[in-house]
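Listed next: structures, encoded as C-alpha cells.
Two complexes follow with subunit A in common, the first pairing it with subunit B and the second with subunit C.
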Partner chain A sequence: MTARVRGKETWRSLRVAVWLGWQVESNWTDPFLFAVYSVVRPVAGALILVFMYLVVARGGLENPLFPYVFVGNAFYIYVGAVLMGISWVVIDDREHYGMLKYMYVAPLNILTYLLGRGVAQTAIATIATAITLLFGVGVLGIRIPPGQVDWGLLAVALVLGLSALAFMGLLLAGATLLTARHNFFIGQAVAGALYLLSGVVFPLDVLPPALQWVGKALPVTYWLEALRRALLGEGGNEALRAIPTGHLLPILAGSTLALAVVSILFFRWAEGVAHCRGLLDMQTMY
Partner chain B sequence: MQAREYSIETKDLTRVFRVKRREARGEKREITALDRADLAVERGELFGVLGPNGAGKTTLIKILATLLSPTSGTARVAGVDVVANPWEVRRHIGMVSGGESSGYGLLTVEENLWMFSQFYGMRGADVRKRIKELLEVVGLADGAKTKIYHLSTGMRQKMNFARGFLTDPEILFLDEPTIGLDVQTARTLRAYIRKWMDDHPDRTILLTTHYMYEADELCDRVAIIDQGKVLACDTPAALKRDLQEEAVFRLKVEGDLDPEKLLRGIAGVHRFTHAARDGHAQLDLILADENVLLPVLSGIQGTGGRLVSLEKRAPTLEDVFIRLVGHGLNEGGDAGGASEPAP
Partner chain C sequence: MNLRREMKTFLRTVIGRAYPRVIGMRREKSWMLFEVLLPLLQVAAFVYIYQAIGAPPEFTGFVVLGGAMTAYWMNVLWSMASQLYWEKETGNLELYIIAPTSRMAILIGMAAGGIMTTTIRAVGVLTLGVLIFRVPMEVTDVPALVGVFLLTLVALYGLGMLLASLFLLWGRQAWHLANLLQEPVFLVSGFYFPVRALGFLVALGASIVPITLGLDAMRQLLFPQMMEGFRFLPVGTQLGALAVQAVVFLFLAHRALRYFEDRARREGRLTLRGL
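Here is the complex of A and B:
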C-alpha cells in the first residue's frame, strides 16, 4: 500500500516536473529568441572552442586530435545544461518563484521532481549537440560515417552519461539548498573541473598523474570515451586504451550508480540541515 | 498507529534561532521564537493563533507544515509526528502564507493551480470545475488565463488562497491569509473560510493573524501568543468573559497630560494604553471595576485636562491581549505593526 502510494507520488512528481520545466524553458514570447538562446548559443560556444583549436593552436583538420576535440566539445554542451538545469531549480523555486516551500509541503518526491525539471533543458541540449555534430560532419569534414557508428554503444552510453550528469546536478542542488549565494560559482567550478579532468578537449594523458587518477574516478571521463569510440571508432585517451569497450559500459554504469548513491545521500543530508536551519523557504533577496 | 484524538497537538514545542555572531552585532545571539508551546486542536475546529509581529506564528506553522524542525518538544499533525515522518504528514496538509507573491510568473493563474492539483493526484473534469469555482470566490475568474507576472501582489495572494483550498486538505494552515488585502476582499475570504469549514465538518484549519477582529469573528477557539509563549487559549467568548469582572473604558482627553504619570499611581487601573488621535489623547483603560473611574477622572481634572468623551466598551480580544501582555497587539513590538483594518 505505502509502496504503491509512494510509487504514484514519484511518478506524478516526475511527470508534472517535466511539464513545468518545459513551460519555464519554452515559454518565451518570441520563438526566435528562444531558439537563439537555447540552441544557437551553446552551438556557438562549442564551435568557438573548435575554431580556437584551429586558429590559435594551429591544429589541422587532419590532426587526429581534431575529431577528439570536436566530439568532446559537442557533448560537453550537456554538462552545463543538465548540471545547471537541475540545480538551478532550487534557486528558481525558492527565491524567484517562492514555491519551494509549497513543493515541500505537497506530497511529492522532491528527487524526481528536480530530475524532471531538468528534462526540458536536456532535450534542448540534445538539439544543440546534434546541430554541432552535423555542422562538424557537413562543414568541417569530420568523418562519422553512419554505417560505422556503433549505435548501440552510443545510445547506452548517452543514457548512462546523462544519468551521471543528472546525479551531479542533484549533488549541486543539495549544495544550493545550503548556500544559494554560491550556486553559480560552485556550478562553474564543477563544470570547469569536469572540462579539465574528463578529457573534453585534451586526452587525460597530458594531465599530471595525480589528476589523471581524479579523471579516472569521474563517470564523465568514461562517458566521453565511450561516445568517441562509438562515433569515431577510437577513444583517443592512451590512459584508457587498455580498457576494452566491453568493459567500458559496466565501468560507466558502476560509477554512475556510485554517484547516484552519494548524491542522493548528500541531498537528503543537505535537506536535513536546511530543515533544521529553516532554509527551505529562505529568501536571500540576492 | 496512535489514536487520532487531535488534528494538531504540540507539547513543549520550542524553536530557538541562532543568529550568526556577524549578523547579531553583539546583541544576544539566540532568539526563542517558540517557547514550550502546548496546543491541542480538535478535528473540525477553526483554530486561531493571535499574536503581534514576531510572536512566533509563522514559526509555529512552519514546524507544523514540516518546513522547519523544532529545537525541542514534539508536534503531531493528523496523528503523525512531524519530525519522524514528514512525508506522511504532507499527505494530510495544505498551507497558504499571506503577504507574499509566490507562483510561476510564466504560467497563467489556471495553469499554476492545475499544476498544483496534479501534485496531489487530482483528476479529470472535477479539477477544472473546482479551479473555476475557487477563482470566482476570490474574484479572479476573469484573470484565469492571465500569466501571473501581470498580476498585482494582492491578486497573487488571492490565487494562493485558492491554491490552499483547491485540494480540500484535511488540515489547512493559513498564515495571515488576509494580510495586505483590501477590506472587501478580506471579508470575502473570511466568509469563504467559514463556509468551507461548515461544508467540510471533518476538516481542520489553523489560522494565524494579528487582527483581533479576524480571530474573534472567525475562530472557534483562539490561542493568544506573544514572544513565543501561549498566554491563553479558549473560545473568544470565554477569553472575553474573563474580563467581564473588570470594566473597559475609552476616554478622549484634551490638554497636556502625561498618562503614564497620571495612571500609574491609581490603584485599580489594571492596564492602560494611550495614543494620540487627532489632537487629543485616547486612553483605553482596564479597571478593576467602575468605581476606579472616579479617581481617574479627578486625576485628569487635577492636571488640567478636559474630558471630551467617555465610553464603556464591551471587552474585545485586544483588551484580552492588553490584559495579558501589557500593551496592544499592534504597538510595542519592534516591527511597528499595522493598524487594524475596519471589519
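Here is the complex of A and C:
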C-alpha cells in the first residue's frame, strides 16, 4: 500500500470514527437533554468540592488553595472522558454491539479509529470543562483575568496533555483487548489513581513522600501544573516549584512522546495476542 | 396454585436470583479487590483535601463513611435500576417474563444478593479507611445505629426496585440516566460533607434518596460533637422517615413493575436491544 493510500485510509478512519463516536454518545436523546446531561455531572462534581470547602471554611472561599482545587478538578474532566472514551470502545464494540471483528475486517486503521472514537468524548469534556471554569469565575469568584492568562502556555499544554491522555487511553484499550470481566475496572482504576496521585484536588506536598514520587513520574501532574501556571499564574505545588515554567513543556512533550511509543507498541502486541487467542470477538456476557 | 406453594416459589426465586450475585463474588475474587480499592482512591483524595484545608479529623470520618455508602448507591444504580436493561440486552429478560414466578421475587432476590455482596465491599472500605486515616469514632447508641443502617438499606433497595421498573421501558437512556445519577446524588445527598451545608430545603428535597437521611443519622450517632452544628433532622425523625420510605418504595415498586411491564409489552420494548 502506498503512503498516499494509507494516508487516505487513516483520514477516512478518523473521520468516520469521530462521526460514529458522536452518534453513539449523543443520539440516545434530544439535544437539550443531552446538553443538560453533559454539563450536570461535571458541575455537580465541582460543587462537591465547593461545599467541602464551604463546610470547613464556614462560608468563605478565600483559601488560596481553592482556585488550585477548582482548576485541577475542572481539567480532570478530560482525564476520565479521554481515557474511558478510547478504552471503552473495545468493550462497547466487542461485547455490546459485537462489531469489533468487523472493524478488523474493514479497510481501516484501527489505531486511528480508536483515537477518533475518543474525539467525541473529548469534545463533550471540552464543553463541560469550559462551563465548569465559567461557573467558577462567574459564580464562585475565582480570579482568572483574561489579560493575565498565558494563552500560549495554555494552548500548548492542553494539546500535549490531551495527546498524553489519548495515548494512555490506547494503552488501556490494549489491556482491555486481553482481559475478560475486568475491563470495567481498568479505566476507573487508572483514572482514580491519577486523581489521587497527580495533585488534581490537593497539592502533591500533602501526599506521603513515597506517593509524591509516584505523582512526579506521571505526565498528568506536569500537565495540570502547566495549566494552573497558565491560568492562575502559579502551580501551587511546593514539590514542583523548583521546575521553571520553561521546563514544564519539554517534560510534558518528552513524556507524551515516550507514552506514544509505549502505547502503540503495547497495543500492537496486545492486538497480536488477542488475534492468536481468538479474543477479538470474545463475548463474556458481563 | 395454593398459597403455600406460591410462597415456596417466591422464596425459591428470591434465593435463586440472589445466588449468582453471591457466588459470582466468590468466583471472581479480584472483583472484590477492585471494588474496595477504587472507592478508597476517591476517599483518600477527599481525605487529603480536608487535610490540606485543615479540617477537623471528624471530617475524615464523614468522607470514609460516605465513601463506604457510595458502594450501596452504585449497586442500586448499576445492579438494581439498570439490571432489567442489562437483562434485556443479553436476552434474559424474556426468560424472566415467561418464568412461572413473581417478578417482585426476582427484584427482591437481586436486592438481597446485592446487599450481601455490597456490604462486604462497604465494610472493606470502612475498615481500611478507618485504619489508614485513623478516624476518631464515638458510637453513642449501637441499636439506633444498626436500626438506621438497616432501614436505610431497605428503603434504598426499595427505591432501586422502583427504578428497575421505570428503566424497563428504556434502552440506552437507562445507561445514561444511571450515569447521571452518580455525582449529582453524591452532591445533594452529602456523601462527602454534612447535607445541612446545602440548606434545609435542598436537604429535604434530597431526602427522597434514603441515603441522605441514613448518612446524616449515622454521622450524628458516630460523630455527635462535630455534628451538633450540622444536624439536619433529629435521629428519631430520620428513623421514622426511613421506615415510611421503605414501605412506600416497596409498594410503589410493586405497582410500577406491573404497570411498566404491561406498557413495555404493548409497545414492544421488552425485546428491543442495542437501542
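The criterion applied here is as follows: the second predicted complex is superposed on the first by the 279 of 286 C-alpha atoms of A that agree within 3 Å, B and C clash if a C-alpha of one lies under 4 Å from a C-alpha of the other, contacts with A are read in each partner's own complex, and residues count from 1 in each chain.
Throughout what follows, a residue touches a chain if its C-beta (ideal position, glycine included) is under 8 Å from a C-beta of that chain, and two chains touch if they have at least 3 such contacts.
Small disclaimer: the values here were computed from a predicted structure and weren't measured.
Legend: residue contacts after superposition of the two complexes on their common chain; A:Arg268 is shown touching neither subunit B nor subunit C.
In the superposition on chain A, A:Tyr97 makes contact with both subunit B and subunit C.
When the two structures are aligned on the shared chain, A:Arg143 is found in touch with neither subunit B nor subunit C. When the two complexes are overlaid on their common chain A, residue A:Val206 makes contact with subunit C while staying clear of subunit B. Comparing subunit C and subunit B on the residues of subunit A they touch gives the larger count to C. By the touch criterion stated above, A:Arg241 is placed in contact with neither subunit B nor subunit C. Residue contacts after overlaying the shared chain place A:Lys8 against subunit B, while subunit C stays out of touching range. In the superposed model, A:Pro107 makes contact with subunit B only, not with subunit C. By the touch criterion stated above, A:Trp19 is placed in contact with subunit B alone, subunit C being left untouched. Overlap of the subunit B and subunit C interfaces on subunit A comprises residues 97.
On the side of subunit B, the complex with subunit A involves touching residues 17, 62, 65-69, 87, 90-91, 93-95, 97, 100-107, 111, 115-116, 118-121, 163.
On the side of subunit C, the complex with subunit A involves touching residues 28, 30-31, 34, 37-38, 41-42, 44-46, 48-55, 59, 89-90, 171-173, 176, 179-180, 182-184, 186-187, 191-194, 197-198, 230, 274. Interface of subunit A with subunit B (complex): residues 5, 8-9, 12-13, 15-16, 19-20, 23-24, 27, 97-99, 101-108, 275-276, 278, 280-281.
The touching residues of subunit A, counted against subunit C in their complex, run 28-29, 37, 40-42, 44-45, 47-49, 51-57, 63, 65, 69, 96-97, 181-182, 185, 188-189, 192-193, 195-196, 200-203, 206-207, 285.
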